[in-house]
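Presented below are the structures under discussion, each in the form of structure tokens.
Look for chain A in each of the two complexes below; its partner is chain B in the first and chain C in the second.
Coming up: the complex of A and B.
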């Protein structure tokens, strides 16, 4: 099990006002993403627990692209990975951000 | 004096030796080994019918059980290496040399045996190429084929899986070879004569019905959102863009997803009747919803598919069928159709390099090619226009006299950037090159050469290689859709952005597609059971796909 942490500053706060959302499942090739609106609006943190070691640079690139595209300011994101491929990770992150767009 | 009939006399002698174990042409199942040991000679060139789907398994078992001191050093020429027995004969020394085309189910073992030097490999061919060589320099001495039934004169009914049989028989029977057919039953009268009896020398009553590999059944339940996204991009960015009516699909999940999106997503885009009407395709169960929704005008098949027989019988407006009602497939003709009469081939692969060369050979699997190198190539002998073909030609050609411009076949690779177990699809160097080096092959087993590929579609976008004007642009266009693989992360971001502005690379958002809309609810069928419902109960899926 490898644990990874990424911290980004954002230009905007994540849209919507939902305090929390969860998407995906912990299954082989899939992942579970928990999003919580608990940080200052210009910060985003992503914590990853993955059973597959050695892909730190790929995770870093996926998270950086997500942050640049979505501007998820204020969100702390926790990922329980089941060995998902990067495209699935991107998709789940985008799905999570969309869920947070709802009003509280 | 030259004897111009020595082959004929040798053939007569073989048949006479075989007759000892037969009643007329009919041979009992338990006499197969005796028959083969009587008819075959060391060093013979043998075509053992291992097709993409249908397998002459009783004869394969018989061959593997022959005494290697009597029968050895055979040269096997066959399209498919599918059954364990197909490789067992190389371990015992019965066979020595191999020329073939496809080895999907035995891909792991054949790789080991190639590296271990147990097989002397001629070449990995595309089907049509191997068939062509049957008539030139790989003509079989003996063909071992499979049919559903035969009469006592040898008239053969192949059933819906005619596949390679007519081609193999043509090459063998008319060039002094011996043809031995295994059948499930001997009957008074066959339902349809697929092969006339005077081309069949022996008919073996098989102990069990021949095995058919359900190779083209893709369970919609296993389709992912990523595959659906890729399918949406292909439909909007390629099928609609070029107006592709005549086409062939590969066997992967990506193209199966496209089939399931025709009656839903493509219908909403108003594309019915404008795309995907005429097919060179096996009877894919996932095409049933599109057929039932009136999308599909005509399908010619290489072979059949397990469970589709009743459905096909009831849809003879769409499929080619015989007087008996069942499907008539023919791999050689369908490959020809795929080459000359289709405007697009779209399929998957395991590795793509920076020039767009692709291969299904990886370090520990040699899956062979099947029909992909044929259908996935631009036929320079084509002389009829179509809108799709001409448009692709225009995009590719910017110099020269426009009046002399010719079209281009669309050859599309549909891949996810990572395969199973996070293995990257995009690589700096194909594993095929390593295989060629280690096994001393003169020609690396490349499935589709980069200069034939027109588009690569991944979850990140579409790269249109027709619009690339030099090798640098091509490399960056490929890197630009290679996602988070090392090849993808090694891109020149500025150049990729420039290619995107020129429309060489198109992202989902450039096509008006929201990745979050790529949802399983778009699939016309979400399970095998749904496909059965669509077919009105006519599709009878094999047991392994019945999970309800």
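Coming up: the complex of A and C.
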């Protein structure tokens, strides 16, 4: 297993007030994304566990793109990966951020 | 644009464990125990370099069904085939034991499992045994345990054994209930005995229609969450007493089933003996036509499963 950690500063807090959300399932080519609103509003952390090693650069780019687009300030995002492709990862991250937009 | 969808109309087979629960219980009443944020994950999978799930493939909690309190467990069939690992099993056993203390109107188990997770087989086998014991204890305390089966993994291995200890079972056409799965039988006995690639054979031997006709399942549902909800509400109200008379009737029924159908070589022969007019037409029947056929077969309804 490879474990990756990314920490980003954001310009604003993630919208909504839902404290926690989960989306996706750990299955072949899929992943689960757990989002928790536990950080200061200008920070976002992403922790990834993946059985597919050697793709740190790709993960870094996908996460950076998500943070730039969504500005998920305050969220700690944890991922259990089942070998998902980068486009699936982007989609799940966007779904997760959307779920957090709901009111608590 | 706003797309409005009725959560109850979604396919049970396609839905995730969380989607099934959300649309099964009264809207907004579900409260999860030991949710994903608690990170109760398998201690064994990292040894095999395999990814874990935050909920270990099972969602447990409480909610309301038609206004009455229920405890609910839903297996996620897409995570490792919904298999029983140590944490997965402990969550289900814990829920059933909690039922004895909290006395809900029922415990609902949404099966979607291939059986024991082989990477943690000893813990998984123990979990199966403990679950059956806990179901017996809950039923003895007067709490019905209802199994709902219609997921992609079916209900196999130890899951099939556990289903046998439930008060009542509801199944859809795509739900399958058995102990040894098609591939297992083929591996051990050869393709002449059971060809696992013959999907029609698999479904008529283990599928929901067959289980309903022989009375192994007590209700047959269309593949929607709303249909399973309807069935669960009905079955909670009709669960049999858990006493010696029920168990003896069940034993007698099983003995009679072996005597009556033991020499059949195919499920269609069993359906013919049960009095189904055109057994070959059963697999292609619509849900409504099948429900009518099932209601005319006396074996399908019996207090002892």
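Note that in this section the second predicted complex is superposed on the first by the 104 of 104 C-alpha atoms of A that agree within 3 Å, B and C clash if a C-alpha of one lies under 4 Å from a C-alpha of the other, contacts with A are read in each partner's own complex, and residues count from 1 in each chain.
Operating definition for what follows: a residue touches a chain if its C-beta (ideal position, glycine included) is under 8 Å from a C-beta of that chain, and two chains touch if they have at least 3 such contacts.
Since the structure is predicted, the reported quantities are computational estimates derived from the model, not experimental observations.
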Three-chain arrangement built on chain A, chain B and chain C clash or fit: fit
Chain B versus chain C as contact partner of A:81, first or second or both or neither: second
Which superposed partner A:62 touches (first chain B, second chain C, both, neither): first
Centroid geometry (CA): angle chain B/chain A/chain C, rounded to a multiple of 10 degrees: 70
First (chain B), second (chain C), both or neither touched by A:32: second
Touched partner set for A:15, first chain B, second chain C, both or neither: neither
Which of chain B and chain C A:91 touches, first, second, both or neither: first
Contacts of A:49 with chain B and chain C, given as first, second, both or neither: second
Shortest CA-CA distance between chain B and chain C [superposed frame, angstrom]: 5
Intersection of the chain A residues that touch chain B with those that touch chain C: none
Chain A to chain B touching residues, read off their complex: 52, 55, 57-58, 61-62, 83, 85-88, 91, 94-95, 98
Residue ranges of chain B touching chain A (in the complex, touch as defined): 224-226, 229, 416-418, 422, 459-460, 483-484, 489, 515-516, 518
Of chain C, residues touching chain A in the complex: 16, 18, 35-37, 46, 49-54, 76, 78-79
Touching residues (chain side chain A, partner chain C) in the complex: 1, 20, 22, 25-27, 30, 32, 34, 36, 49-51, 78, 80-82
